Each structure stands twice: as C-alpha cells, then as structure tokens.
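Please find the structures below.
The same subunit A turns up in both complexes below, where it pairs with subunit B and then with subunit C.
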Partner chain A sequence: MRSPIKSRQERAAARGPADTVPIHLYGLRRGTVTVLTLISGAFAVFILAPVLWLVINATKTQANVYGTPGFWFARPFHLFQNLSALGRNVSGAGIYLQWLGNTLVYAGSAAVGATVLSAMAGYGFARFRFRGANGLFYLVMSTLLVPITSVALPLFLVYAKVGLVNSVWGMILPSMVSPVGIYLMRTYIDASVPRDLIDAARMDGASETRIFLRIVLPLTVPGLVTVLLLTVVAVWNNYFLPLIIFSRNGLYPLTVGLSSLSHAAETGSKAELVPVLIAGGLVTILPLILLFLFLEKYFRGGALQGSTTG
Partner chain B sequence: MNQTTTYRESAPGRPVSRPASPPPGRPRRGNRREWPGAVFITPHMLALGLFMLVPTVYAVYDSLQTTQLIGGTHYSGLANYSTVLHSPEFWDGVRRVLVFTAIQVPLTIAIAFFFAAVFDAGIVKYSRFFRTVFFMPFAVPGVVAAVMWSFLLLPDFGPYAKLMQDIGLGHVDFFSSRLIVPTIVVIVIWEWTGYNVTILYTSLKSIPQHVTEAAVMDGARLGTIILRLKLPMVRPTITMLVFLNTVGALQLFTEPSILAAFQPQAVSYGFTPSLYVYNTSVGSGDYNLGAAAAVVLALIIGAISLAAFAVRRRSGEFR
Partner chain C sequence: MAAVLLSACAGTDSTSASPGASGSQAAGAGCAAGATALTFWGWSAGYDLAVKKFNQTHPDICVKLENAGAANDEYVKLSDALKANSGTPDVAQIEYFEVPSLEITNSLVDLSQYGMSSVKKDIAPVAWSLVSQGSKQYAMPVDLGPLALYYNAKEFSANKLSVPATWSEFAATADKLHAADPKASITNFDPVSAQDVLALMQQYGAFPFSYSGGDKLGINFTGTAQTAFASFWQNLIDKKEVTTAADFSPAQWSNLDSGANASRLSPAWGPVGMQSSIKKTIGDWRTAPIPQTEAGKNLSGNWGGSTLTVVKGTGHAKEAAEFVKWFGASADSWKILSGKVAGAFPGYLPLLNSTGFQSATLPISGTSKPNKVFAEAAQNMDTAQWPPIMTAALTQWTSTFAGVTKGTETLPEAFKTFQQQMVTYAKAQGFTVTEG
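Right after this comes the complex of A and B.
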C-alpha cells in the first residue's frame, strides 16, 4: 500500500493536466489525438444513450414507447400525466412516492449512522494500538469480500426469529456496517490529524470524547462527506436486502418498488404502466446524478483513497 | 499496511522524551492511553457482529435443518447440501456466472485501463467531460439500468434491434439463450467501467511525473510507456479491482432478475447461484435449502478469492 502522504511531486501530478508531460514530446503520429477523442466520444454515446432514452420516453404514452422511434419525442406529450401517476397506486403494487420517501429515510439514516460508526472506528484504528487492533482491522477488511447475497438471506432468517421482518430497522442497521467507510476514515485520519495535536490536547486535560468531537471530526470533514455520499449511493441502489426482508409494499424502497412495477407492467393487464415505470426510473436516478455532479470531488476523493487499497 | 505504520513510527516532530512506542501488532498491555481505541471501535464491531457474523453462523445452523409441513423442523445433517450439490439447476448457474465473470471482469478492466491511460497521458480532448460522463452510471441503480436496457434491446421494437437490421445483421434477439450472457456483460460494462476508470486514473496520476519524463527523454514510445512502465506500477490497484469486480460478478443477481420480468423465457430458475438462493428460499419457501445454497455460494466465492490471494502472494505481489 502506498503511503497516504504523497510527495510534493505526486500531489502536483495529481492536480491536473497542467502538470502532465507536454504531449508533443511523445512524438505521436498526426491524428492520434483526434482518433482517441472519437473513441472516447463513441463510448460516451454508449453511456449517455440509455439515460437519453429514459428522458425521452418518460414523456410518451405506452403505445408510443413501443410504436415510435426510441430516441425521438412523439405526441402526445405525456410527461406530466406519467409523473402524476407516481403519486397514485396505479399498479396495485404500491405508491411510487411512498417508495421515494422510504428510500430517503433508509439512505439518509443509514448514511449518517455509517459515517458516525466509520469515523469512530477509523479513529480507533488510526490512532490507538490496543490489543487485537490488527486482527480486528483485518476482520473488518475481510468483510469486503463477503457476498451480499449470502448475508441477506441469513439476515432474513435471523429477523424472522427476532421479529425484524418488515421493520425499517432491519434495513437501516445493517447498512451502517461499512468496511469501505472505515478504511477511508482510517486513511484520512492518518493523513490529516497530527498525533501531536491529540497529545497536546491530552496534556491540557481534554477528555477522549472531547478530543474526538472538537479536534478529530472538524479536521476530517471532507472524508466524512465522502463516506456519507458513498453510503447514500450504496443504500439508494441496494436491491437484494430490501427485496428479501420486506414483504409489505408500503415499506419498499425505490429499487424493489420499481422491480414490482416492472412485473406488473409486463404481466398485468392494467394499461399504461410502462411509461409510469420509465418516469419512475428517471425520478430515481435524477437526485443521485445531481448529487454526483455537484459533489463530484467528494466522490472522486473516495475513489482516490480506494486506489491505495492495493 | 506496513508503510503506513512505518510512516507513523518515524513521523517528524515527535517529542524525543517519550518512550519508544511498542512495535505494531504487539501492543503494551494495560496501557492507559490505548484503551479508548477499543471503545471507539466498539459500536461498529457490535453492528458487524450482530448483522454479519451472527446471521452467518445462524445460516449454517439453519442449513442443517429440514422443515416439513407435518412434523416441524428437525436436524437433517448434510441433506440440504446434498440436494444443492446434486441440483443440475444450481451447477448450471455456477457454470454460467463463471463464464460471465471470465468475460466481464477482464473486459471491463481492459477498457477502463485504456481510457484511464489515455486520459492520464493528456492525449484526449475534453477528457474531464468524458471522465464525468463515464462515471455517471455509478449513480444509476442496477434495477433502473436493467429496465432501460430491457427496452433498448427489445427484439423487433427496440432501437438497438432496429439498428442491427439497418446495418444488415438481420433479426437479432439479444435475449436468446445464445446472446443472453453477452447482453448482461454489456449491461454490466455500462454500469461499472466508469468506476474502474476513475480508480485507475487516480492511481496513474499518482505516478511521479519525472518517471514519465525520463522515459520520454530515453526515446520510449507512448505505447511502451503505458504498457511497460505505468501498467506495472498500478498493478496493485488492478489486482484490487479484479477482486472487487470478481466478487461482484459471481453474485450476479439484479440484472437477470429484472430482465426476467420482461423476458421470462431468457432467465431460468437457477440462472445464477444468487437467483437459485432467492428462488428456493423466498420464491418456493424452502429456507433451509436456500441457506445451504447461500453457504455453498459463499464457500465458492471464498475459495476463488483465497486461490487468487495465494497466487498473488507467491508471485511476491502481496504487500
């Protein structure tokens, strides 16, 4: 693993294009830049096309979704009807807006919880050498390799015994366990909270709690934001766990709700469910894409730290 | 981990008067200053124990029982395991995810490395825009991605099937038994390539600039610099990505389970081991058998991880 503390050169190199080797030195053949830019452009089209399709088809009627060219608009303009259907129980499978609310609650509370637990544990691992610290840290890291599918079913089996099936806590509490969060916070605290500062505070008689709250947390805000965002995305996108532990559709998050809407749209005889499903998909991804565009540096901050795991 | 520790031990500016710290891994007992660390990690370890370790142990226990409509639950030894291991459906799924993993993981990482390397070398215009666009599917849940692709790839009506007809490839059914695995590979590449690009790009950026400069001065071609110089330097990152992508690929569930809503004929009961686990337990109500299948799946993934780990360690790559 590379040390999180980078040399000045490395930091300069990480800063951006201004510091890269001038490209004329590579002696490239003419046209190379154009060709590579076109290849990247083609891949960007591949990435953007489905999202564009989603935006366009959220404005159509069901007949037009199937009957008109997928990448162009068609009359009648049905976007507002499709969006308003999200507030009603159109499929008999539940109400989309309720799923949106549930997702906000699950993602929000799990993210706050995961951030608090990760900050505490990250600090514990980064700045203390208590007995068993190394072994426990490896235990935490090894859970990264545990298949989610083989934990979700066991969780359900335990929930069935203790009455946590169809309980919001059954969704929120396990989502607070974040090995990536702990890894990021440990690395971040190692790099940005000087030991001497902690020692000085101790000399002045500050309690451990006070040191954590008043010194460690304020110094690690960017790391905390990264963990918060990564957990929001992870819970927002989680499908398998809620699918297994919830059987009441009033508790579904968006992913499970959309999945049940898909089944209703395809098998049910009720008309006009496909455009509602598409509009629902659009409303599901918009908040995360906006969050990501505005806070991109924090997401990349997470990826940056992740790159040192090897 | 070692280098981090080394850094800490030799951190400049530490008071000389303080007694030398004990070596890592052998903490001093009863040290007054160290116990709060244990308190700080307790909430997380408690959650980890309650929501991962306890359920895992309980699942093993449950997989050794059999529940009957008449007669209740009783211990049945390895009977459930025998059922899983003799189920052609289960092995069919295992074979399919192995093939899927063998195609998807190298392909995703190769494409991601290509883009990360050319962006890093600064030989693509608008590379900042491209990096942002490529990373965007990270914010799209697998469920939504699978819904979008189900419609885009619809036989006859979908835009991509029409495109195939227009360029003269005739009638293409992306959900036929021959094409379903490649189709899911495309969907997963759409979802995860950008994430891999971002991590590789960051890793490539941390290679000191003078290393590249020296190679350029020696007259090395760009292709040589990327493949012979930079690729070996980011190998630890690639290894980590191989691990993460592989564990993800072996658990394949979301995409086929959504495709099953639109193309029921394309996705069977045991299409992947995770689907088998879901369909036997939640679908058919045989939770004991589902638990046994979940344990077998975890063991397969664990064995593959361990094997990769051992190879990596023998080749001296493990830190």
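Right after this comes the complex of A and C.
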C-alpha cells in the first residue's frame, strides 16, 4: 500500500527512464492521488490491524487478552509459553505442530499436482482442437458453480465407498483438480505461447512432450507460479472438505484443528487455551506471508504479462 | 467443486486409497495383542488421560480416542457415517440434549442388557433419567452442569446488596444496584445462547419441550410460565439492568472483571474457565443457590454435560458397554475426569457427595466452597425432556434470537416466532405436535 507518487519514484530508480511518466499524463490530479492514497491507506489498516492484534495478543496470558487493551502489550510476556504449547496436546483436541505438518503436506502436494494438471489441461484446451473441447471446458468451469456444502452428504457417501474417509488422499486428490487453475493456464498459454512457435518446433521434429516441457512450460512460469500460489492458499484455508472426511485429529489440517482448539478454548472448563489459539492463528498465517514475499516477483510478473500481451 | 471430479479420480485410485481407509483398526501402539479394539469419538479435555488409564487397567480392551470434532461437528459426522454405514465409532460422546435425536433414528445400543443396573445407585438420578426411556437406557451419563448464582461478594457488599433468594428479589436487587451504580448490571443474559436460556427456563419451571419417545412432541414457548420468563428478562434488558453479551465472549469476561456484571448465573463447570479469564476480581466470587420462582422452592437447571453412547453397528457392544460403564461410574475414571486437566463436574454420586470434593476451593472464590452449592443444585434438578429435533432447534435459535441482543425485537416476540418455526419444522418431520 505505498503511495503512487513514491512508487513512481522507486520504479524510476529501479527500472530506468521507461517508467518516468509524470502522474498528470495519466490524467490524474494531485488531489485525486491523495484521496486514492488515503483510501488505500484505510484499507491497509483494515487488513493489517487484525494481524497486528494477533501479534500483540500472542504474547499475553488469557486474563490479559480479555482484561487489557487489545492493541498494546501487557506483562507478563507469555509468547514463548504460548508457542511451546503448540507442540503439546493442551486441549485434548490434538497437537498443533502435527496439524501444521499435515497442512504443509496437503497444500504442498495438492499445489504441485494442481499446477501440473492445470498446465497440461490448459495447454490442451488452448492449443489443440478436438471434438467436445468447448463442452468439456464448460463442464470444468461449471463445477465452480456447485457449492460444496450442497454436496456434503453425497460426497461423504462416495468417499466412504472408495475408502477415502480418513485418508490423506481424500484431501489431496480432489485438491489437485483446480478449475480456476485450468482456466488461468488456458488463458495464459493463449496469450504467451505463439502458435507459430509450436508449429516451428513440430516442423523441426520435436516431440509433443518435448514441446510441452521445453517450450510451453518455460514460457508460462509466471502463470504456473500463480496457479501454485492460488492452490496453496485454497488448500491452506480449506475447512469444509477436511471437516467432512477426517475424524482423527492426527489427520487434521490447521483449519479444522484450530476450530476444535477454539471450541475447547471457548467453553473454557480448562486451562488457558485462548492465547494458545491466538499464537496458533499467528503461526498459521506466517508461512503464507513468507510464500508470497518469496514468490512475489513471479506473481507480479505474471499479472503484468497477462495484461499487456493478452 | 470436488464432487463432480471426484469419481474420476477415485475410479483410478481406489487401490492407492486403501492405507488410510476407515474402520475400527484401532489397535495401535500400547495395546496388547489380541485386545478388542474400540474406537471412541470424544472431544472433552482430559478424556485422553481417562482412556489411557482404562487401557492400562483393562488389557483385554483397547480404546482408541479420536477427536472427530466437538459437539455439532461430531454429530454431523456421526450421522453421515451412520448413513454411509461405514466409519462409525464404537463409542461416541453425546451431550444430553442430542441423545433423543439419535435414539429416534435407532442409532444407539440399549445398554440395559449389559448389566448397567449395578451402577444406577452411583449416578445422580436426574442424569440417569435423562438417558433412559422406560426400561431402556441409551447412554451412560458422565458430567453435569447444575446452575447456581455466582456473585461478586465485594461488589454486593459495597452496594449493600443481599443475595436474592427469589427471582423477584433478584429483580429488586438489579434495580438497587443499577440505581447505586448506573454502569453496573446484575448479570448477563445471552438470548442467542440456546443452551443457557433453556437451562434457565428449565429452572424457572418453563421448559418448553415435552417428549417421552415416539412421535408425539410437545412444544410450548408461549404458555403462561414461558411468557412470564420472557417478560421477566425482557424487563431487565429494557432497564439495562442485565447485559446481553455473548456467552464466553471477551465482553462477558471483561464485564465480570470490571464490575459491569455483579453476578453470573453459572453452570458448575463455569468457575474454572472464568478463573483463567479474569484477574482483578480473583478471590471475590461466592456461590449461592440460584434464585427461585417462589420462596422455599429449591430448583436448579442443567446447562451442559455429556454422556457416552454405544453406537449401533459396533461389533463389540459388550466391551463398549464395559468401557462406558467404567468411564461414567468408577472412582478410577472420576479421579481423572474431576482433576485439573478435565475439570468435569461429576454426575457420579460417590464423588459428588464426598467431603473432599465438596470442600475443594478455587483461587477465584477464595476460601469459600463452591462445589457444596453446586452439588446440592445437582440433586435438585428436574429431568429436561429434550426433543429429538435439537440440531435444527439450535441452528434456528441463533438467527431467531439475534434480534433480542440487537434490540430489534423482544424476548416474548422471539419466543412466539420460534414457537411457529419449531412447530412447522416438527410437523414436517412427521411428529404429532401438541402446543401449549
């Protein structure tokens, strides 16, 4: 949420003369810029305040969470006790670290799988003509319209039949299929992999596999990273599917685990679980933030490329 | 989004999907070879410790505890698994109010055939009758949540208030407190918390449901007692003499600690959790019997508490029955369940009536002995006749009663609306409904 003026200067410094277009040439007046900056500033506060609250309250005891101002620290400093409780089964609901490990496995494998499948399917839809291509594509898209809550029971019955209840595959396999990913990859490949290039490669005798691996994939890295990130986030935050299919806390991902911890903390017939819950919430969002920072350049490059060449 | 595509995946991958397949392959580490494996779904704190103890002392049976979610999450999973006829546990933790719902779908094993009568004398009569229907017994009672008045003694004496014995004295005390200190309210009443309100209604002699098995169901939110109850609390809400914060919310805790609430109509399991959520008023809290509709009465209500049930479809009903019997009615088990970690309030009479239990103290209430009052309350409760439609009732309740908290409707109005909603729902489910 930097101000446009500042970021213009920054970009100018970073990329040279191409970006040094004065603001007024975009048709923006200084007043407009200020207003827009204020609005985005307000949004930044709106988004970041809860995160700040998490950081502060993860350092408190339960009585202090309720009894002291939410946006300032209080003694005693309890962060390390709260964090170390994440490694133990403090609530009877299971161990936080185990849920974190599960989430990493589910999100990691589902994201890699979804990226590979989306790239293949997207390439197929974008660059091959076959009977039923359009119908098939619309079928894939239409699955976006079915709310998962409405199919909860049939989903469970099917899972029970094929032995996917209480199985990690029950979580990973369906998460590897991403209609949004397929759509994105189709659009991206349409925009950034010229047909002529593929024809030229075929002419030179490259096999289809080689074309896909050596030409299509390298040209679509920003798109791939986008799908990867989107899937990681989707699986990381998925609550409903694991809630239905898992009845063992050793298999829970963070979402369901935190919810059971929250239930234990709420009815509170027991020790101080609320600050542990808050610390758990904080640790839950850190990996996603790190992932975004790490992959940001690919992600941003992807968005730009799609918009200029499409 | 997964469902449509799932069949495609599952078709090709059914072989690789087997390692995690469900079922009662509970025998894990720490179990003797040849022991009967039981799967147990439960969520309460400390249950793992009790299970461990059981497995140590019963080498022939090996119980594996799985947390399949708390309360409604678990009930949904259980009902899904029952429909799929696969993946059901042998034993499941079920709250009292949900037992009839499972009973009517024929999902529970009748325990009376497994020699439960030997422990009947050890269980609080109200708990026993909550899980029985005629000669049949559908669950083993574990803990209870009798209500008492938990009040801030310092605040009471600072404002020269005496402890109210009846609800009319309670209202007068509320007036007096609010006049002395306009920022103070006598207590908190959360209209959205169905279980809280229903426990108070039960205590008020205004429990809205009547049910004794079968397809006949009585629903009455608009009778004389129910309307009196609703008007009583609406009057206090209107005068701002009670707050309407959500139960267990930060607002409730800070109200109790700041003096904005001078008392809490607390279940027996309440003080332990409250103790870790407040700090300034630790040591100031005392316990008194909950106010009565008439002087001389001595009635309490029950909020919370669980049972263990044996689920139909188990291949080991006898062993499962032995486990639930031990869990709810043995000194070994209660030593753990009433301990620091679990903190459950016993329905097990040998413990409930023991001097050691009744003279226990908590830092939050200084040298006073809250368990004495709560234990007495546990002996003075009527049996709530929970209807077999509680899942729907609890879901509907939240939206129907939200307006009372917001001040856009009154409690008597919400009762009227809820009456209609429940009658319509119950009729659609095939019940013969009596109103009033």
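Operating definition for what follows: the second predicted complex is superposed on the first by the 244 of 310 C-alpha atoms of A that agree within 3 Å, B and C clash if a C-alpha of one lies under 4 Å from a C-alpha of the other, contacts with A are read in each partner's own complex, and residues count from 1 in each chain.
The definition used in the following text is that a contact is a pair of C-beta atoms (placed from the backbone, for glycine too) under 8 Å apart; a residue touches a chain by one contact, two chains touch by 3 or more.
All of these numbers come straight from a predicted model, not from anything done at the bench.
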Quiz item: Thinking of the overlay built on chain A, is A:177 touched by subunit B (first), by subunit C (second), by both, or by neither?
Solution: both
Exercise. Answer with first, second, both or neither: which of subunit B and subunit C does A:289 touch in the superposed model?
Key: first
Practice problem: Name the chain, either subunit B or subunit C, that contacts more residues of subunit A. | Solution: B
Quiz prompt | Which superposed partner A:84 touches (first subunit B, second subunit C, both, neither) | solution = neither
Exercise. Once the structures are superposed on A, label A:93 by its partner contacts, choosing first (subunit B), second (subunit C), both or neither.
Key: second
Practice problem: Figure out whether A:266 sits in contact with subunit B (first) or subunit C (second), or with both, or with neither. | Solution: both
Quiz item: Is A:258 contacted by the first partner subunit B, the second partner subunit C, both or neither?
Solution: first
Exercise. Identify the partner contact of A:66: answer first if only subunit B is touched, second if only subunit C is, both if each is, neither if none is.
Key: both
Quiz prompt | subunit B versus subunit C as contact partner of A:166, first or second or both or neither | solution = second
Quiz item: Where on subunit A do subunit B and subunit C both make contact?
Solution: 65-67, 143-144, 146, 148, 151, 153-158, 161, 173-174, 176-177, 243-244, 259, 263, 266-267
Exercise. Please name which positions on subunit A make contact with subunit B in the complex.
Key: 1-7, 9-10, 12-14, 17, 19-21, 23, 25-28, 32-33, 36-37, 40-41, 43-44, 46-51, 53-54, 57, 65-67, 69-71, 116-118, 120-121, 123-125, 127-131, 133-134, 136-137, 139-140, 143-151, 153-158, 161, 173-174, 176-177, 182, 187, 190, 195-196, 199, 202, 208, 212, 233, 236-237, 239-240, 243-244, 254-255, 258-259, 262-263, 265-267, 277-278, 281, 284-285, 288-289, 291-293, 296, 299-300, 303-304, 306-307, 309-310
Exercise. Show which residues of subunit A lie in contact with subunit C when the two form their complex.
Key: 62-67, 89, 91-94, 143-144, 146, 148, 151-170, 173-177, 179, 241, 243-244, 246-249, 251, 256, 259-260, 263-264, 266-272, 274
Quiz item: Of all residues in subunit C, which touch subunit A in the complex?
Solution: 1-7, 9-10, 13-14, 16-22, 41, 43-48, 66-71, 73, 77, 80-81, 83-87, 89, 248, 250, 253-254, 257, 269-270, 272-274, 276-280, 304, 340-344
